[in-house]
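Consider the two complexes below, in which chain A is the common component and chain B and chain C are the respective partners.
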Partner chain A sequence: MITTRKLSFGYSSHRDVLTNITLNLENGHIHGLLGCNGIGKTTLLKLICGIMRPQCGEVRVAGVDPMSRRPEIFSDMIIIPEEFDLPNISLERYATITKPFYPRFDRGDMRRYCEEFDIDPKIKLHSLSMGQRKKAYIAFALACNVSMILLDEPTNGLDIPSKSIFRRLLATYVNEERLIIISTHQVADVEQLLDSIIILDEIGVALNATTEEICRKIKFGKIDENDKVIYSERTIVGDVAVSVNETDVDTPLNIELLFNATTANRNAIAALFNTK
Partner chain B sequence: MQFSEDKPIWRQIYELIAMRILSGEWLEGERIVSVRELAAEVGVNPNTVMRSYEKLDGDGIIFNRRGIGYFVAEGAKAHIKQLERQKFIDEELPKLRERLALLELTIEVK
Partner chain C sequence: MGNFNLGRVAQYARYHYTSQYKQYLAFALFVFGIPLIFGILDRSIYNIEGIALAIYIFGAMRIAMNQMLQLRGRGTKVIASTLPISNEERFSFMLFDCAVVYPLVAFALTLLAVICVAPFQYGGVTGLLGAELKDIATQCHLYWPIYILVQIITSTSLLINILARRSLVAASAIGFGIIIAILALLARLGISLYAYYTEMGYVINNIVVPESVGVVMYCLIPVVLYAICYIALRKRQIKW
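Then we have the complex of A and B:
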């Protein structure tokens, strides 16, 4: 479980990147973290895993402040940044050096994940392409068997078959005790993995709900008579809209449309979900 | 697995399982793969797959034996056909009628 309360952070004194972020992220879910460029998604991930200190508010990871530097928190959480530097050694060697930090690391798991991704863990990391390096690091991170994984744009650099392997690995990884956050702009890559959506905007958290709740409250798609339309777009197949689900229909979640609706009509979305 | 945008994913997985039963790939009375196994196969959140299983259970197509897993119900094939027929009449037929009228076509149903 990860919670934040009235979290704010700014890189300069006159402008905050994150303002008033209050979130309750429960185990057993894959949370999709969405928001426009520069809204602070990466910053939020860094605050959660204790790389940076919040200027206001608090973060609690399994009830503990990450700034307390307690090892049981860091040994149970891993972040996969969008870009990273790895030393020029093999993944096998990297794992040998790093695994003391992760007591549940399993080398057999790592080899299995590498095999799925078609990566040789004995090859030096610098001789791999950027996409291959990312897959190697994902294989290592999953093999750490931690409860919390934070992924920042994980599908960037992955080729088409790797994206589907990535989805299968994550769908297998998540369970009732584990929590995954995926920050992304590539919604289509991970849509079927997510069962919880967080949308950040300039004011704070514009939406934080499970996909089940979203589809219970919102109707996506064509507009029928008497629909309470929150937002609509003109497309080649006619107008598509986000409307209040008053007739208890079950329409497919359209994250892109939901995102645009939240941007265009924040108050209507907030009222439906009791967001402050 | 590729999903279409016109139906909820849980519904598409529901139909995938129904098709596997109809085609005889999964037999009546036999145990089917677990929620976790199917989630891994199709790369979908297990909570979403769970929803499909619960709905199939509610519709009497599969049933849960606590601690063992899900099994295909006896008579599931006939039951799926019955549900599919009803869905065709309720959802697809009106659209077909509309389209036929628009194109000024008539067909005879035997």
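Then we have the complex of A and C:
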């Protein structure tokens, strides 16, 4: 479980990136972390990892301050950055030298994930393309069987078949003891996967709710004259809107529309979800 | 699972050397190869010592840099920083690599270069086994003032690598400038104190006492610098 309380961070004294972020991320969910460019999604992931120090507020990972760098926290958490570089050795070799740090690492799992992604774990990592390298590291990260996985733009660089394999693997990976945070702009890639949505904006957390709660309270689709419209936009298939759901019928979640509605009409969304 | 586990330090050492084997291999070839080439060209082992010593002293900067290479690298820093290892364990390895492994390996490689050059001078290695080897061992890499000097350079460079944000060259220039200034200041202070006490009539017949103070202070410099390195590593956070 990851909690943040009144977390603020800025790269310089006159430029705050994150302001007053209070979150309670529970296990058993795949949390989607959304926000405009430069709003601080990656920074929030780095603060959770304890590689940056908050200016005020606190972060707790399983009840522990990650800045304390206690190995037991990090042996149960792994981050997959958007861009990364790995040593020029094979994935098998990389796993051999890294597995002692992750007690639940399973080489059989890694080989299985590699097979799914069509990656040869014996090939040197620098001879793989960026997308293949990402798949290799995802395979390694999943094989570590850690409780917390933080992914920053995981689908960037993945080809179309790999995106669906990625979704399938992540869906089977999560269970009641595991927590996954996906920071992304590619909402269409992970829409079906997320069961909790966090939207950040300049003021703080604009929305933090489960997809179930969102669908119960919000209706997505064409405008009906009786609807209490929160936000509407013109698309190539006609006008679509986000309105208050006053019926018992849930409509399919449209994260892109929800994001636009939250950005355009923050107060209405906040009132609906009791967000400050 | 405490914050310090010797087994994890060993695992980290394995991770570190394997993931940076190219850098270490290139450096080892350099430490061994340059004195060897000079020795062969000169057909003499006598110039090897000086060249090897210069490489040993300036190579200390490279060894310190290797410790922070992954933690500073644009693509590697996030993964390297989140590796399940505490600051204490990471620092213990850095200290071991800089203060034990590097001097011993540099010494061994120089010795190997001398042995390889010996046939060119003596027509075999048997002529070498005597004073020359003893000289290299006692007056070169493991001679304590040189060892301490190398540790001062290593610890300063390590500190610069921990603290520097962007330009490592600029940070190194400033860092080494400060260290040289501190060393000069300490030396000047020692000379002034010695002159003052002599002038005041405290006749120092035996130079051993002030010399011992100087030696202790000289040895303490890398200790203090390494302690600052540890504190800086604990406080360190990545920027982007």
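By our rule, the second predicted complex is superposed on the first by the 276 of 276 C-alpha atoms of A that agree within 3 Å, B and C clash if a C-alpha of one lies under 4 Å from a C-alpha of the other, contacts with A are read in each partner's own complex, and residues count from 1 in each chain.
We adopt the following convention: a contact is a pair of C-beta atoms (placed from the backbone, for glycine too) under 8 Å apart; a residue touches a chain by one contact, two chains touch by 3 or more.
Note that this is a predicted model, so its numbers are computed, not measured.
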Which of chain B and chain C A:Met130 touches, first, second, both or neither: neither
Partner chain in contact with A:Phe84 - chain B first, chain C second, else both or neither: second
Touching partner for A:Ile203 - first (chain B), second (chain C), both, neither: neither
Which of chain B and chain C A:Asn254 touches, first, second, both or neither: first
Touched partner set for A:Ala271, first chain B, second chain C, both or neither: neither
Most chain A residues touched (candidates chain B, chain C): C
Common interface positions of chain A, toward chain B and toward chain C: none
Complex contacts: residues of chain B adjacent to chain A: 3, 5-9, 11, 36, 39-48, 51
Contact set on chain A toward chain C in their complex: 11, 46, 49-53, 69-75, 77-79, 81, 83-89, 93-94, 97-98, 100-102
Interface residues, chain A side, partner chain B - complex: 28-30, 164, 167-168, 170-172, 174-175, 192-195, 211-212, 215, 250-254
Touching residues (chain side chain C, partner chain A) in the complex: 1, 3, 5, 7-8, 11, 14-15, 18-20, 22, 73-79, 81-87, 89, 237-239
